[in-house]
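Have a look at these structures, which come just after this line.
Heads up, the next two complexes both have subunit A, just with different partners, subunit B and then subunit C.
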Partner chain A sequence: MEENIKLFIQDMGIDSPEDIKNLYFDYLQETSVIIEQLASNFSTLTCSEAEKLVHNLKGVSANLYVQGVYQAALQLDDYLKGHLGESIMDANSCLLLKNLVNTYEKESKEINSYFESNLNSKIG
Partner chain B sequence: MNSLFTKKKKNIPLEQTPKLATFQQLAELGDTLVLICNEHFEVTYMNSLATSLFKFNSSDKPSIYQYIKDIDKLIRRASTNPVKEAIVIPFGWTSKEYYLTLQSFENQALIVLKDLEVINQLKQDVNNIKITAEGTIKAKSMFLANMSHELRTPLNAIIGMSELLTDTSLEPSQKDLINNINQSGNILYDLINTILDFSKLEANQMGLEAIPININQLMSELHTLFAHQASVKKIDLYFETEDHIPHIIGDPTRLRQILVNIIGNAIKFTHIGSVKVQVKMKSFVQKNTTLEFTVEDTGIGFSSDVKEKIFMPFAQVDESITRQYGGTGLGLPISKSLVDLHGGTMDVTSAIGKGAKFIITIPFTLAPTTSLDSFIKQTVPNTVTAKILVAEDNQTNQKLLTMQLKNLNYDVSVVENGQQAVEEYFENDYDVIIMDCQMPIMDGFCATLIIRQQEELFDRHVPIIALTASALKEDKEKCIESGMDDFITKPVKIETLNKTIQHWLAQSTVPKE
Partner chain C sequence: MISSNNTVLIVDDSVTIRHQVRLILNKQDITVLEASDRNSLKHFISSNQQPIDLFIMDLGLKVDSGMDLMQLIRLTDAYCDTPIIVLTGDSKRDTVLKCTRFNISFYSVKPINASDLSMKVLTALEAHTIKKRSKTTGLFDSNSSNDNDFDLNELDSALKKTHMSKINKLIDGNMSKLKKNK
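On to the complex of A and B.
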């Protein structure tokens, strides 16, 4: 994750440490809500509703160079796009969602660790 | 009274000097009234127009005070410099305004009166011509913008669809046909770009970007571009770049266009021998440099008397050249105009059968450094400070884009769905819209369709750049088909963002009010 954050700093033109930290904390706050919505309501969401949430997560993860979450969201998004008229609950979608949630948990910890060690702050 | 006039050298009235005939001829020109009064304030001369108007009889020597009150004050002022001002001359119960020019000399005063009504009418006529000309330029600009969009959009579809077809399973003969369609589409696309560029230059609507350029990299790209063509023709192609050419600030697209036209012609008209391309620093003063690009070939050449002709649009040396080599005849005129736009010069020397040598010199500002950090912090501003509307529903993405755009000195407004984007479009003028594709309430595609439909009412085309997390061809095609002009794939790197915005700001041919 550290390498990805360094790439973000290099490519995105944001050079203020405070701004960078705030962006990543905003990302974690926003995406934690999305992950919660997906995980808690997966059985009741339609494919279309779930796809919108996953697409949102995919885009912001791409922008913040959270590569693992982006890739996992991309896989689930592609799957959901191919099954928009169907029920969301099948073995493949559950597997892909589980992968997304696990990857998100792993990478959000890494983001917190990075800022804890580099900037002495952490989201609660 | 005599002291009011400039000191005389000899007491010779103007009408008795040998220059009288010339003076009288001059006084009869145009529609001005010409009078001369002597040191006694008596009118001694009027031209025909004044004589007719004032019923002048020279033997009467009427007083100038009959026509111009306070003439003594005017003559006193004219002792140092000619007096020029509006005055009113009474005619019985009425009066008329004139513009007076008075100069005193040799105990006489020369008075010239111009009907102010005529002057005001001329001013009005000039203003009307200016308004008409501005309207014509604006109409031409709108035509260019519309033609650019109308021609490029279906052509993009033809090229894009044929590229998509090549990825499907096809018979070899079908692949050949698709390749032909694709090649023809690309040739037509280049031709349209050439003609539209020419029109833009003619209408003075071509803008230039101001971003760092690596000259060494540019030369390397051009070498790669032309290497195969030269190899097929079995001619040598040399690229020589002087050491220590600094990075400069300029428009890489237009600089490349200038060189591609010249080098392309050199290779086209050379059948044996070589084409050599050189670039060197001609001068270096503080933070500015002048680069000299030379393209020299051993081709067919041309005689010196056609040197001017080759820079004229649609002209080639002669019709046999057009038949044999083809071409629109616009490449060199466009290159010349672009060089002029850069504040540079282009010269050529040639002789029939002895090739040609083009020398282009262009002044540039040095780029501070090539690192991204300096690129963001550089003091060289963007070519245009522009108003950007961002339509993006994700809050983190909103904040990121806002930071990036503000770092690039753009004025940013943010909305969170397509409906708000359309409302903002109606209420405010934006130079560029950055539109996320997937948004709640109304997505970017729908918002773009509505904006394009309303463009005729607002008389301007606003570039819309799609933001997409997808790199798939069909998603990009969907963006173009909905009317978007371009797309950026997330992550939105700041260099890509700035380059894309600058490109579309420069493309915009609508004059700013």
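On to the complex of A and C.
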């Protein structure tokens, strides 16, 4: 994740470490809500509702180079799109959701850890 | 030539995307306002306090449709020809074609490329400024540049020849050539 963040900073061309940190923290705040909604309510969501949430998570993760979450969300999104109108709760969707949640937890920890260690130093 | 007092309104329901766009455009000395849905968009376009020079529009908002919001913008007198840049994760050909009826300036596909987005915004603002100045000086021939006259058959044909991943290049390079000849 550290390499991805450095690449993101380089591609965005933003010099301020504070700006980058605030952007990633906005990301964590926004996506933690999505993950919570998916994890807590998966069995009660329709396929379409779940797909919308996953689609949003996928998009915003791709924008900030959070590649693991993007890939996991992509897999679940593709699966849900192929099963719209069906019951959401099957072994495959649950497995994909579990993978997404685990990946998200891992990468959000890495993001937090990166900014904690780079708080007082120049990013990149 | 571009004024440093330009104001852009980003319409996207993701706080992260709006934040990212704001950082990108602030670097170009552009003021960025943010709206997340129809109500907040209506607040900005009906208010006279801060005119909008360009809109950046997401298509897949949670509740509203980006197409409906673009129609709302175009039906507002003050913004009937203000530049709109679509910024979306949808790269389907049909979607691009549907957007052309709103006289968009560019169609930009996420994930966001900072330099690409900056270039498109600056280009659209510049073109609009030149057009407004031309109207003022009387050098502008309104009959020869009705931006609504895109030849959709030619656009459709051009899109078929290009891989979907090249949509932006097509839109960037060829929109003017696809206008109907009068």
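Observations on the model:
Keep this in mind: the second predicted complex is superposed on the first by the 119 of 124 C-alpha atoms of A that agree within 3 Å, B and C clash if a C-alpha of one lies under 4 Å from a C-alpha of the other, contacts with A are read in each partner's own complex, and residues count from 1 in each chain.
Everything below uses one rule, namely that a contact is a pair of C-beta atoms (placed from the backbone, for glycine too) under 8 Å apart; a residue touches a chain by one contact, two chains touch by 3 or more.
For clarity, every value in this text was computed on a predicted model and none was experimentally measured.
When both complexes are superposed on subunit A, subunit B and subunit C occupy overlapping space and clash.
In the superposed model, A:64 makes contact with both subunit B and subunit C. Shared-chain residue A:92: touches no atom of subunit B or subunit C.
In the superposed model, A:102 makes contact with neither subunit B nor subunit C. In the superposed pair of complexes, A:10 makes contact with subunit B only, with no contact to subunit C. Judged by the touch definition given at the top, the superposed model places A:56 against both subunit B and subunit C.
Stretch 145-153 is the one of subunit B that runs into subunit C, the other listed stretches 19-27, 91-99, 145-153 or 343-351 having no clashing C-alpha atoms. Shared contact residues of subunit A, touching subunit B in one structure and subunit C in the other: 11-14, 19, 22-23, 26-27, 30, 52, 55-56, 59-60, 62-64. Within the complex formed with subunit C, the residues of subunit A that make contact are 11-14, 19, 22-23, 26-27, 29-31, 52, 55-56, 59-60, 62-64. Contacts from subunit B toward subunit A in the complex involve residues 372-373, 376-377, 393-397, 399-400, 403-404, 407-408, 436, 438, 440, 467, 469, 490-495. Only residues 13-17, 19-20, 23-24, 27, 60, 62, 89, 110-115 of subunit C touch subunit A when the two sit together in their complex.
The part of subunit A that touches subunit B in the complex is made up of residues 8, 10-15, 19, 22-23, 26-27, 30, 52, 55-56, 58-60, 62-65.
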